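Next come two complexes built around chain A: one with chain B, the other with chain C.
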Partner chain A sequence: MSYMMYVLLFGLVLGLVAVASNPSPYFAALGLVVVSGVGCGVLVSSGGCFLSLILFLIYLGGMLVVFAYSAAMAAEPYPEGWGSWPALRLMVGYVLGVGVAWVFLGEGWYEEDWGGFDGLVGVSVLRGDMVGVSVMYSSGGWLLVAGGWVLLLTLFVVLELTRGLARGALRAV
Partner chain B sequence: MTPAHFAFSSAFMLGLAGLAFHRTHFISALLCLEGLMLSLFIALSLWTLQFDSMNSASMPMILLAFSACEAGTGLALLVATTRTHSTNRLKNLNLLQC
Partner chain C sequence: MAPPIYSALIISLGLGTTMTFASTHWYLAWMGIEINTLAIIPLMSQNHIPRATEASTKYFFAQATASATLLFASISNAFLTGEWDILQTPNTLTSSLITLALAMKIGLAPLHSWMPEVMQGLSLLNGLILSTWQKLAPLYLIYQIQPTNSNIFIILGLLSIIVGGWGGFNQVQLRKILAYSSIAHLGWMILIISFSPPLALLTILIYLLMTFSLFSSFMLTRATHINSLATTWAKIPILTMSTPLILLSLGGLPPLTGFMPKWLILQELTKQDLAPIATLAALSSLFSLYFYLRLSYAMTLTMPPNNPAGTLPWRLNQQHNTTLMALTTTSTICLLPVTPAITALLPL
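Right after this comes the complex of A and B.
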């Protein structure tokens, strides 16, 4: 089980290497989908099934879908994949950088490194992280109000930025 | 440094490097920013789960809400840039170049 955790963490780092090497946005969005899927696996392996579900639904199913069809603005006839020379060079550089950091920081990685103890397991149908998020609705109610206000404000920010016509925010004068 | 801590820290650093060393497209920089937010979400969730501090489980949720705001604003900037400069290539943003 801890081996699967190792594989998932390795996939997380490798997926972000694929995104950070800046290929064509189609491939970068695909890499980000893989990274968020693997990240969900990491959370599930640590016992956080509710947070993993939130990540899948909201992040992958909400935000990344918007990015995927916004990548149509970067449409080009020959999209540059990970096999092109600049992207490959960046990927090799990033992998080497992570390897060097691993050599310096990766001491004492044993079997007993995996923490995580959910006090409600076997006692209740509620998981620990679900109960923790419900605190946001009880004691953290004002934070929810502030978050909702920020989301409404962002809607108006977006509408102002994309207004166009004669008074948009970005104009090529 | 535990393996999970090393993994999401290096994921954050990689996203930051991808954002800093952007190449051609504006939207690839925005995607690296999303990768940064994803690594922060995983970091906060792993903090909650591995240290058994269930009270801080609301932190990744709030982070996700604000990162959605930021992604929406970034995409609005992308749309505005594409509308005025006809492309989202970063070499086209050269009005202030001497």
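Right after this comes the complex of A and C.
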């Protein structure tokens, strides 16, 4: 189990490095998809299986849509992958940075228990993450309304930003 | 922009700051800050010119980085200490990281690089919202952190005062000058926040008054460059009297209001046995005073080349509503004698 966690976290860091090394959007969005998938695996290993499921459906689903659209918009004949020299040197740099951070700050993070979602509750019928969702609908009160309003606001923001069409500057093509 | 969307964005600006002000949990405070960032982006790029879109993009990058750092630091704090309460942030590594994240949010040196170029791309009204309203929520969080070690605040403050002065030296664009002025004033505010939070509150209130007056004066004539400022004398002569006074108040000259926070801060720093820091701060403010003086000089003491038609405009019935601007301008110029009353009322 600890090996599984190790593989998942390794994939997480590698995926983040792959995004941050600035390749063509084809590959960077692929890195994002990999990161969200592997992140869901990390969540499962920490005990938050419901949250992981929801994240997989909503976030990864959305990320796949982002990947598809960025692949469509950033189509170029010779995309710059991770083998090109600028992206490769950034990748190596970031991996070295992670190594340095591990050496200095990694005390106590190897083979230690991260603490699961149920924490101090002990043995209980109520799971931490599932109850959280239902609590937001019952005792969450105005926070539920605020959450819904922010989602609507995000829609307005995106619609307003991409409204330019011919007179905007958001697209270079 | 369609009125329903415009109202939704303005309401969300208010909602975000209110949420941060009303919260004791770090997560809710972060939520409020994110709502503010989200709501102001379309307001910034509403005229759809490339420069404004560039400014919104840069603003979004800077604020997203700072928000991510803030969330990371508060979650790490909860992981290490089990405490989500804002007032109970123990002085660990995470407290300093939270301070740095909030400092990047409001544009303190050395995390200030985004500020001048973002301000330059915005219209004057958006610049006003950026330098007044958007600063309130992060400043309130910094106010509540209640640190025990003042080193980080002194470094941030001194660097901001120096950068705010030195950076504005060679600028001719008014919005960049206002950005550097904001950096310098927030530097004064954060310098004193660990010694006397009420004084920091006073500094930020007086700064809000002064900057509102200055922005309003610039908005009346839509001046964005020293050249357009210099031809204001023909259009609205009263501004050539009031704007230099506002500028000198921003520079911190007695007998104007802007002297009050600087004076009280220098006094407090001396009482805390930090006289060299007080001296350095006071001397660095001279940089800012130089470019405020240059603006006043260009406005009042020069008559730049102008065509004859520009020197005698028709006096038509203008539709400006200058009530609030008159109130804040008067406060910017005349509030210094009230200092004893304010000092007595401060700890409230």
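Heads up, the rule we're going with is that the second predicted complex is superposed on the first by the 141 of 173 C-alpha atoms of A that agree within 3 Å, B and C clash if a C-alpha of one lies under 4 Å from a C-alpha of the other, contacts with A are read in each partner's own complex, and residues count from 1 in each chain.
Assume contacts are C-beta pairs under 8 Å (C-beta built on N, C-alpha and C of every residue); 3 or more make two chains touch, one makes a residue touch a chain.
Fair warning: this is a prediction, and the values are worked out from it, not measured in the lab.
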Contacts of A:L55 with chain B and chain C, given as first, second, both or neither: first
Partner chain(s) touched by A:W149 [first = chain B, second = chain C, both, neither]: second
Partner chain in contact with A:V100 - chain B first, chain C second, else both or neither: neither
Which of chain B and chain C A:L161 touches, first, second, both or neither: both
Greater chain A contact set [chain C / chain B]: B
Chain B versus chain C as contact partner of A:G39, first or second or both or neither: first
Footprint overlap on chain A, where chain B in one structure and chain C in the other make contact: 143, 150, 154, 157, 161, 164, 168-170
Interfacial residue positions of chain A with respect to chain B in the complex: 5-6, 9-10, 12-13, 16-17, 19-25, 28-29, 32, 35-36, 39, 42-43, 46-48, 51, 54-55, 58-59, 62-64, 66-67, 70-71, 73-74, 80, 86, 90, 94, 97-98, 101-102, 105-107, 109, 113-119, 128-129, 131-133, 135-136, 140, 143, 147, 150-151, 154-155, 157-158, 161-162, 164, 168-173
Residue numbers on chain A that touch chain C, as the complex places them: 143, 146, 149-150, 152-154, 156-157, 159-161, 163-164, 167-170
Complex contacts: residues of chain C adjacent to chain A: 1, 5, 8-9, 12, 15, 19, 28, 31, 35, 38-39, 41-42, 45-46, 48-50, 53-54, 56
Parts of chain B lying in touch with chain A, wherever the complex brings them together: 1-4, 6-8, 10-11, 13-15, 17-19, 21-28, 30-32, 34-35, 38-39, 41-42, 45-46, 48-52, 54-58, 60-62, 64-69, 71-73, 75-85, 88, 95
